[in-house]
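Here the structure comes first, spelled out in structure tokens, and everything after it is commentary.
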Amino acid sequence: MLGYFGPEGTFTHQALLALRPGESAQPYLSVPGVLEAVRHGQITAGLVPIENSVEGGVSATLDYLAGHSRLQIIDEVLLEVAFGLYVRPGTAIEAVRTVLTHPHAAAQVRGWLAEHLPDASVTEQGSTADAARRVADPESGFDAAICAAVAGELYGLEPLATQIADNRGAVTRFILVSRPVRPAPISGHDKTSLVIHLRADQPGGLIEALQQFAARGINLCRVESRPEKTKIGHYSFSIDAQGHVFERRMQAALAALHRTSRRLVFLGSYPSADGQTVKQTAGSRDEEFAASDRWLAGVLNPSRVRGA
Amino acid sequence: MLGYFGPEGTFTHQALLALRPGESAQPYLSVPGVLEAVRHGQITAGLVPIENSVEGGVSATLDYLAGHSRLQIIDEVLLEVAFGLYVRPGTAIEAVRTVLTHPHAAAQVRGWLAEHLPDASVTEQGSTADAARRVADPESGFDAAICAAVAGELYGLEPLATQIADNRGAVTRFILVSRPVRPAPISGHDKTSLVIHLRADQPGGLIEALQQFAARGINLCRVESRPEKTKIGHYSFSIDAQGHVFERRMQAALAALHRTSRRLVFLGSYPSADGQTVKQTAGSRDEEFAASDRWLAGVLNPSRVRGA
Amino acid sequence: MLGYFGPEGTFTHQALLALRPGESAQPYLSVPGVLEAVRHGQITAGLVPIENSVEGGVSATLDYLAGHSRLQIIDEVLLEVAFGLYVRPGTAIEAVRTVLTHPHAAAQVRGWLAEHLPDASVTEQGSTADAARRVADPESGFDAAICAAVAGELYGLEPLATQIADNRGAVTRFILVSRPVRPAPISGHDKTSLVIHLRADQPGGLIEALQQFAARGINLCRVESRPEKTKIGHYSFSIDAQGHVFERRMQAALAALHRTSRRLVFLGSYPSADGQTVKQTAGSRDEEFAASDRWLAGVLNPSRVRGA
Amino acid sequence: MLGYFGPEGTFTHQALLALRPGESAQPYLSVPGVLEAVRHGQITAGLVPIENSVEGGVSATLDYLAGHSRLQIIDEVLLEVAFGLYVRPGTAIEAVRTVLTHPHAAAQVRGWLAEHLPDASVTEQGSTADAARRVADPESGFDAAICAAVAGELYGLEPLATQIADNRGAVTRFILVSRPVRPAPISGHDKTSLVIHLRADQPGGLIEALQQFAARGINLCRVESRPEKTKIGHYSFSIDAQGHVFERRMQAALAALHRTSRRLVFLGSYPSADGQTVKQTAGSRDEEFAASDRWLAGVLNPSRVRGA
């Protein structure tokens, strides 16, 4: 059984159907609720949003991951935040006089409504999934819902228009979180996620931490600060690095960060949703690590390796 | 005329009264509303929250500052987020049966209420300032409001208890923003704020940017990432550095960042609210810059300086 | 009048003829002798060797430049160290039975002699220039000299073979040194030479010094350590950087080194003998420095630049 | 049997007697001669000078070590270069009319001679050890030798004055070199020596190499460049780092350099002659490496470590 940040019909629900089609899943009404259920073994994995291209990081997710152990990201999926105008089958656009949606969604489609339904009355209330549910009832008094595709389909509605957000292309990234497991094999386009809590006495600590990656030829794709909650001005850093923990260079970087930071939270290695191949620079490949191990063994025990 | 993120009686209002007592000010109902009024010259300066020790950065403020020019931080203030139980004069705690507040505040004082007013009925509605306004009316049906001190005072209420949040010590930092002006003189405990938009082709760009400060002996007190909103995975960085733009080392760091980043937004140099003296390392002092200027002039024109 | 590390007929003499043909010049019998004469104005400039591709840095030159002010490199030249077999006009190789040269040169042509003149008697004595002078005298008892081309020509000899060193391709770099002058204009393939004396309390001082170049997009072509002579384990660093002191990025790097090191000796900007064009990275060009100056002026005096 | 850069009576001989008193040893007349004998197993170890506080690195030693494998430094010793005036027993200073020494030594005591023996005739010839040998013969015609203490003692002479060099305090560092062996245990004040041959395509290669040490909290005590001999402008770097190859941090730094450089020559870990305790910074201790290993094992196999 999987879980997701619900209710049914939300974008997180839609993302889960895309990532794990056919698996049974139950909604939780908060991000901590999903992650708590994962930690306690009530669900095998849960999907939560972590980042939106317009809004930024999802604090509830970032803070829960930074503050709790026994959680690991095992997959991710990107989903374009796309609203549509959904109606009961048979309703024509000319017949739409009352529209129901959530205030946040209403704000994002204001331009489209002004152009295409200038005379419709728009009610902002509840959630977009709830709007779809109510519009499905002919007695509701509402002709159309502005909602995600998944919600429209869930309640038997049909789209009159899709992609109607004024600001196209907003994308949300969702992560699938489980209890700690051995990561999936290297795919060639992996990411490794972690949270670094620096030592209090490290003024240049962030630079030093980032250099642990640079010194091993590892690129970073995300660096996000979050308050430590104890005192203003203290931050932890949520980081996504390109590469997999099964690679020696990533192991070396993580071990170095473990030694030099106050606390390091490993959050998993998993295939990146963008499928971008990870580059390997000279000196950072596994075979070069193996060669340097052999060389070092020879240095430490010269007779065995170089001896007469 | 100043402005602030209102309505009257909020913590931002309280912070403004602490920072600029006696100045007339008007509330705006959104952060962008305050900053827009500053940009258009309708108010001389506006106070908005930028960071909370528990919740993190205030996205609305960070994003508006990152995306618009012609704004500059001229001061800051720290305020502990402290709720109190406010009543009409003469009401005793034994007489409090109905409490009005905002849901967010209610969540933060749940433990205190369970202990001290276990039988009171709590209504969560409107804003904490509005709760105070309504409680002031004996006909309201509410005996007490949970609100900020400023709201209680504003509506003639008296505190039965202060500092009643379960999680003490949460602090919010507010900034006073004006149109660009020549910064105030060096105080010895200054901060300089800026936003760096990196070039798209800079994988190690953040490290390089941070090193521009390190190379000049400048410590950072805040590094916060925000999405660029154009494409997921692209970030700008909001940074507070210790020191003043009137110092040569800060000028050199800013100029270097201007050259090497896609866009650099200067957001002001102003006294830090924590009053912590800024350290100067060897080689980063103004007199050392002046000495190196003279040395360089001698190198470029040897006859004048070292000549026979 | 120029000077060079002599006597006449040495490779330094040959290098001077290549670099400044037709100018009158006088030999000095030591490197300090040449440089002392420059400092005291007895000659306008002097040529000395600074580096050999096989032997490394020339200590006498490096140490004199590191320890004295009022000297500046204004040009450089590379010369292949090429020995030849020189005889009086008319002597055939079959007639060569006695060969005169310097021990150092003899060591470098041993293989050639074994192959081509296995029966000749080789006397190692004096200098190669002196060998040529003596061979020119038919009464000398020597049939051939192993010497530089310049020495052979100087004494009217003819080459029976050139490029006879066993280890081909050894190159010596010579520098032309004058009193401090305004450097020649940017050629596009310039080098800047300097000596850094680090502070005693700088364990990571060399890295920090090298990073001052890296942070400004400047490549280094030579880093050579020399003892400070005061105490074992203390070194100064002789550095050649790509670029010209008339470039803003080089000025910024030198000024930073001046501020952060114990002592910085500027040794000139001059065209590199290899003629390799210096690369400019983004953010390090003069026009970008000028743009960042203008930007900074606007930050410091906003009314003038962005005002009204 | 040990070897040293001789002849008998030189400072290297004196250094060997200090470092390995009572062991039989034979002189070789060149540095390569000593090291060649070590490589071929003709002697178990050989002592050669590597660095002088005034003259700098000893090229013959540095280049032989950089260019050959199968050699390892196992000890080092510092010796002050101290000349004395040695005479046959019974000779008073007033009776000294003729002095024999080597030109190099003569240059270093010129001031002392001018003051104390202004009328003596000084002959500069052979070696200082040879001067002592000849002075020991009453028929030699020489009253005194200027030589090292070891040479004076060797030939039965007595010192009339010691420490007579004009420039006091010059120190030479000598290294004892053997075939590769397992290094001696950690002493707490160890050095590790190595030679880095950078990849040809590494403009910032030296900085990156030095940062491999810095990133692991390792200080450097010597960085010396030597030409690669193939082409002018290509250098290898001879480096002494504080710490022992039995420490995890040093192993990590060496392995990283092995991966990222063209060739890395390990030259041994051995007690530093200055006896200075090596500092350990947070995150660089062996126990921290062990802890990070365990942490990483838990990340890779979560069930075993954190499971149930």
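Letters A, B, C and D name the chains as they come in the text, with residue numbers starting at 1 for each one.
One rule holds for everything that comes next: contacts are C-beta pairs under 8 Å (C-beta built on N, C-alpha and C of every residue); 3 or more make two chains touch, one makes a residue touch a chain.
Keep in mind it's a predicted model, so treat the numbers as computed, not measured.
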Interface sides of subunit C and subunit D: same vs different residues, half threshold = same
Which integer distance in Å separates the CA centroid of subunit C from that of subunit D?
-> 28
In whole angstrom, the CA-centroid distance of subunit A from subunit C equals 59
Pull out every residue in subunit C that's touching 2 or more other chains.
-> 211
Just spell out which pairs of chains touch, all of them.
-> A-B, A-D, B-C, C-D
So, in the complex, the side of subunit B touching subunit A is made of residues 51-57, 59, 63, 78, 169, 171, 173, 203-204, 206-207, 210-211, 214, 219-227, 229-233, 235, 274
Which residues, counting only subunit D, touch subunit A once they are in their complex?
-> 69-70, 72, 179-183, 199, 208, 211-212, 215-216, 245-246, 251-252, 254-256, 258-260, 264, 266, 282-284, 288-289, 291-293, 295-296, 299-303, 306
